[in-house]
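In the two complexes that follow, subunit A is the common piece, with subunit B as its partner first and subunit C second.
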Partner chain A sequence: MSGSDRLTSEHARRRGRRRLILRKVLGSILTLIFVLVFNFFLFRVVQTDPIGSLFRGRNVPAETLENLRTAFGLDKPIGTQFLFYLKETAQLNLGISYQTRQSVWDEIVVAIPPTVALVGVSAVLSAVIGTLGGVIAAWRRNTWKDQSITSGTMVFYSMPDFWLGMIMLVLFGVVLGWFPVGGMTDAGSNETGLALLLDELYHMFLPALTLTLAYLGEYTLVTRSSLLDVMGEDYLTVARAKGLRDVVVRNRHAVPNALLPVVTLTAINFGFVLSGAIAVETVFSWPGLGKATADAIRGPDLPMLQGLFLLFSAAVIFFNLIADITYSWLDPRVEEI
Partner chain B sequence: MKRIVVVLAAAVLAVSMVPIASAQEEGDLVTLRVGLTQDWDGLNPALNFSVPSYDVWNLHYATLTDKAADDFATIPGLAESWVVSDDGLTYTYTLREGLVWSDGESLTAEDIAWNINTARDQGWDNMISTVQNLDATVIDERTVQITSSVPDPKLPTMDMYLVPKHIWEPIATDYDAATEYEAVDGVGSGPFILENFTKGQSVTMDVNPSYWGWEGEEPPYDRIVFQLFENPDAMVAALQQGELDVIHGFPAGSWDALEADPNIEVVSGLQGGFDQLAINGGALPDGQPHPALLDLEVRKAIFHGIDRAAVIEDLWYGHASEVEAISPSANPIWIPDIPEADSFTYDPDLANQILDDAGYLDTDGDGIREMPDGTNPIIIRHAVNTDGDLAPSIGELMVGWMEAIGIGVELEAYDQDTLYGVTAEGTYDTFFWGWVPFVDPDLMLYYFTAAELGNYNDSNWTDPTYEELYVEQNQELDPERRIEIVHEMLTIFHDAAVYLPMYLGPDLQAYRADTFEGWVKQPADIGPIVFSQTSPSYVLLTPVGGGAAGSDTNWLLWGGIAAGAVVLVGIFLASRRSGTKDERE
Partner chain C sequence: MSLAMQRRRATAGRVWKQFRGSRQGMIGLSVLAIFIMMALAAPLLADVRELSPVYARAAGNPQWAPPGEFPPLGTDFIRRSVWAQFVWGSRVSLFVGLAATVLTILIGSIVGILSGFVGGRTDAILMRVTEWFLVIPFLPLAIVLASILGRSVWNIIFVIGITSWPSTARLVRAQVLTVKQRLFVDRARSLGGGGTHIVGHHILPNVSGLILANATLAVPISILTETTLSFLGLGDPTAASWGKMLEEAFVNGAMTRNAWWYFMPPGLGILAVVLAFTLIGRTLEEIANPRLGGR
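Up next is the complex of A and B:
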């Protein structure tokens, strides 16, 4: 191959990758637009009167209800409501919550940090620990280490997370009394700064442990099977033949090549970080997006639900995009698919 | 690896130290800790309406008149006395001397008049029904005159929460501004003042030394903390552990465990809330039920086929109460006595007999009766509220009950929003839902008038006599006579067999007897101890033994240290093992 040939092929590959990324970005935007439209009609498949059920049993004159229907635009035809929704959403105005009469965006924003902290920490911990476990399990295949790691993580993986959460809560919160049974801080304490942060970490311990244990199995299994595939490859035999130490063969040659599917899994799971963990947040009374969703469904509070669904979808779409792009960067063969 | 171990160890130690700090802080203040499972929708008294918000307002805002703990009788509040004009339309209230808001500003007649007139003019959701016919005038600093344009039996009760004019006037310029205000300014006139509100988590309230009701005496405790639990079992555990002093809304299944605890008392508090099985009465031409249901005899037979005692026993573990006529008020005085002979006692044989006698026979032997002319089998559409806790179970039970009397049931599932639409339009035959009334019965009575057809008149039923009596009670100023009229109305409604109250649903509450004492039920004997209409318990409570209620729990500290130690040892062992492995390799 001459020098200019190599240059052309390098150029073509870059262009190919750029085209791939562009296509993925466009695809993501289209998906988001679809979600936006679908979202609106999903909640209006059945024609309902949220004001009617919201004010049931409250001493409010009929004309007040009529005024509210007008204020929320519920008296307008569905087409007009849809156009209004598109216009407002495009301006990042998600509307006013039926239940609290506060801006949906404000209501959502306060629930984001608790969820990102809890689910984010658990996602990172389970990815790191789960991958390490998978590496050990594969490298020591069919030993007691492999068996205890694989079956241990599978036990937690197959348990419903709310059930695992209840067991944690009863054991460490009630029987042993080591950790609080719910909430994000000690109610009624006036802590600030470091003391507040520590209090929050203390409250986060059990729910984070639950979620970490629940997610571990996924990473362990994917890493283990991916590494087992790689372990049969010739280049590992070559590496060993060169006389490299076992640990070097594992860490430098085997693991990096086995990590591709784990990277995808991690990126996709991060997309779900925002959607929270409705069940675990509920078990531990954690005031995050999962709880906000449960409350909005109970209403039902359509503007809240629309806003939350939009946020969740956007997060998943964004992280899928990141996964696609990372993958094509890590594994150049992807552009040919 | 070593560095990671050290960092982790530091973090774990730090975390295990936390309980020391919070326990010490709590030790300075005597705190009442309340656990609940329903979130606050907000704290704006003009607009929000969740049950927990009402208890915050009961503590934060004093009212012009108060309600007696026993029977909701109108008693002096901010007003120490009042006189009524001869025509019964004008009340002149005299305020107590030296009233102040918690920020030190004087609380005067000007505050009262501004609240009433502004709520009326701007149409504040929670106040408009109370004040729409009222006009308030300031006579002098301690005298305010309230005139009603129509005779109003609710007066002299003025139980609207009064917000501080000096804070609100610049904010509440119109309805939108008033209802968008978050109202966490922390200025009030009640026994406890809002200190902190963290939505979805907790409300903290500190004692207000200038509340008129303390009458110059030292308030018996310092702080109330409401803590929200999404998980009711965790709340029950927290009470058992002594982390809470009282809980509201625990699952009926936990009753026995709580009752068995010698330090815990359980309360099944009634304040008028009931659930009903309703039959479509067919008042709307476009909302017709199965034609058989238009026959009073068929409706009676259906009600005789419903086993309410079993529902109380099986779904409420025996903790709900039987009731025959609907309860229009938190005060049981408004419920009429229905003679035994007219009661819809569970009797499937009687139900079958009634249907046989009325000519609804199963002519084709398929187990389902037909109309007297032999056509149109009686298969009814039962609407199930999928948001209701018990509604799905009641739906299943309904199928069995009706099968026993030869009536078919098709279950149709709706969420709460949709069910409201279905009941408003009358496109159902039966459904199960509930109500929680206020103290004054007017609103519940109003729901079953013709004016509410297509809206909250969900039994789709009207009656001319009921209609006349409604208007009469609405302006009847003699309390005794008004009760008589209401009893008559509810007896008519009962006998029409469209609305069968299944039970009075209780608020299940429990408190620790070893931390605070002086709990009172509102109304007397049967009511709940907290989250009642005015929640009088809070100002009457005293710590057991005169202080240090909810004393510091050292086990929390030791537990934290023990947990930290266990984790540390684990990390140490793990690091050693991987270390030796690396060396070996």
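Up next is the complex of A and C:
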């Protein structure tokens, strides 16, 4: 192949990838629009009179209610209302919480960092430990190591994550008293800086351990199965025939080729970081998005639920896009996903 | 026709023989059988009146009694027997899990078969919708729907069914696409067989094994989703499942009291049933796809 030919084919491949990414981005935007339409109509079905329910049980003159309805555009036809909703959403104006009477967006923003910290740490830990477990299980297939790893992860995978959290909380919090039983900081403490951070980490330990154990199983099972697929390949026999040590064959030749599905799984799971710990956050009264969701259910605080649902969906759509793009970089064979 | 029936019976016999040879499959089946018998025999195992706090008070039950004081499983915050709640809760949890799975598989199979068999624009539209549902985070969607519809067993079943069908649809579609290429479908078509005939007599029998394995693996997801929804307060107040038990235990302070006899049984029940279905499903999958052997 001459130099100019190679240039052209490289050029074509790059253009192909650019087109693929563009199509993925457009697809994601389309999905987001679908979610917006869905969200609008879903809540419109039950909420025929949002102003009435906002001031339910309070003595507000009918005239004021009427003015508010006009102000929020609720007397307009449904199409106009939808456009109004789009405009408001674009400006992050997600309505007012029934419970706190604060703006939904303000309520959500303060709950994002605790959730990202807790679930982010657990997602990384479970991906690393789970993948290692899967590699060991597959490489030592059908030995006691494999059997204990596989059955152990299946047990954790089969229990409700919040129930595991309840056991952790009672065992290490109530009975042994090693860890706090909930919240993000000690009530009434006014620490700052490093002391505050350490206190937060101390509070985060049990919920993070719970989530890590709950998420592990998926990584272990996927890694194990993917590595078992690779283990029959000829290039491993070649590597062994060259006289390479078992560890080298595993770490240099087998594992890199088996990791692709794990990468996808990780990227997809990161999309669920925001919405992943609803019940576990509730058990540990961790002041994040999950607990906000549980509180909104008890209301029911529909504007809050609507805002949270939108945020959760947007996060998943965004990370799916990232996963698709990463995938096309890692595996050049992927032209059509 | 009778030949086809005979062949199908022979296949079923072969599958059963292979299943019996699998240790994990038989363990799963035995555990499941125990719980199904418990759910069916609930009236014999515990008086339904024991679920009522009024009855429990009149009977003079102690409050928060550990199992030693009130066998076999102690009492809760309103003096009700935990054993009675556990036995009757198994009915609700199993029923919701199975019914939701039936709905999931029904929607998923119809969409998958339509999409794969009809093809063309129908396929494009249905797959777009499926992708949308796959992207929307499943639990938040279920929460939103359940909050809007209200708290009842049937709404929970509906919510789980409507949110978890897409992966089944994709799997069935892929299988239908390969079956559609086979010669016997061409033969049936050239003999003048219509769409309904081909789907009913050739496509469906060839994807039903996959659908069954998929259904077995979908039950755990349905049961765990029901548990989470109930724990978050979306469960039916008149029919308490194991998830609802966990919610009541949590909300009423079983944790700080270390009332393990209240929150351990329902969780262990869920764990056992979910594990049983997972083991059965993996065994069926291995039989359907021998390449997976030993995974």
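FYI, the second predicted complex is superposed on the first by the 294 of 337 C-alpha atoms of A that agree within 3 Å, B and C clash if a C-alpha of one lies under 4 Å from a C-alpha of the other, contacts with A are read in each partner's own complex, and residues count from 1 in each chain.
Everything that follows uses one rule, which is that a contact is a pair of C-beta atoms (placed from the backbone, for glycine too) under 8 Å apart; a residue touches a chain by one contact, two chains touch by 3 or more.
Just so it is clear, the structure is predicted and the values come from calculations on it, not from any experiment.
Peer 1: Which of the two partners, first being subunit B and second being subunit C, lies in contact with A:174: first, second, both, or neither?
Peer 2: both
Peer 1: Tell me the contact category for A:102 with respect to subunit B and subunit C: first, second, both or neither.
Peer 2: first
Peer 1: So in the superposed three-chain picture, is A:282 touching just subunit B, just subunit C, both, or none of them (first/second/both/neither)?
Peer 2: Both: A:282 reaches subunit B and subunit C.
Peer 1: I'd like to know which partner A:166 touches here: subunit B for first, subunit C for second, both or neither.
Peer 2: A:166 sits against subunit B and subunit C alike.
Peer 1: Given the touch rule stated above, what does A:192 touch, subunit B (first), subunit C (second), both, or neither?
Peer 2: The answer is neither, since A:192 touches no partner chain.
Peer 1: Between subunit B and subunit C, which one contacts more residues of subunit A in the superposed model?
Peer 2: B
Peer 1: Between subunit B (first) and subunit C (second), which does A:225 come into contact with in this model arrangement: first, second, both, or neither?
Peer 2: A:225: touches subunit C, not subunit B.
Peer 1: May I ask you to decide whether A:293 touches subunit B, subunit C, both, or neither, giving the answer as first, second, both or neither?
Peer 2: A:293 contacts subunit C only, not subunit B.
Peer 1: Determine where on subunit A the residues touched by subunit B overlap those touched by subunit C, and list them.
Peer 2: The answer is residues 46, 166, 169-170, 174, 181, 282-283, 294, 298, 300 of subunit A.
Peer 1: Could you pull out which subunit C residues touch subunit A in their complex?
Peer 2: These residues of subunit C touch subunit A: 131-132, 135-137, 139-141, 143-145, 147-148, 220, 224, 227-228, 231-234, 243, 246, 250, 255-256, 258, 260, 263-264, 267, 270-271, 274-275, 278, 294-295.
Peer 1: Looking at the complex, which residues from subunit B come into contact with subunit A?
Peer 2: My answer: residues 11, 14-15, 17-19, 21-22, 25-26, 31, 33, 39, 41-42, 44, 47-49, 123, 125-126, 128-130, 132, 179-180, 182, 196, 198-202, 204, 223, 225-231, 233-235, 237-238, 240-241, 243, 387, 415-421, 424, 435-438, 443, 455-456, 555-556, 559-560, 562-563, 582, 585.
Peer 1: Can you list the residues on subunit A that touch subunit B in the complex?
Peer 2: Residue list for subunit A touching subunit B: 46-50, 52-53, 56-62, 64, 67, 99-102, 110-111, 166, 169-170, 172-174, 176-191, 195, 198-199, 201-202, 205, 245-247, 281-287, 291-292, 294-295, 298, 300.
Peer 1: In their complex, what parts of subunit A are in touch with subunit C?
Peer 2: So the residues of subunit A touching subunit C come out as 31, 34-35, 38, 42-43, 45-46, 141-142, 154-155, 157-160, 162-163, 166-167, 169-170, 174-175, 181, 224-225, 228, 271-272, 275, 278-279, 282-283, 293-294, 297-298, 300, 302, 305-306, 308-309, 312-313, 315-317, 320.
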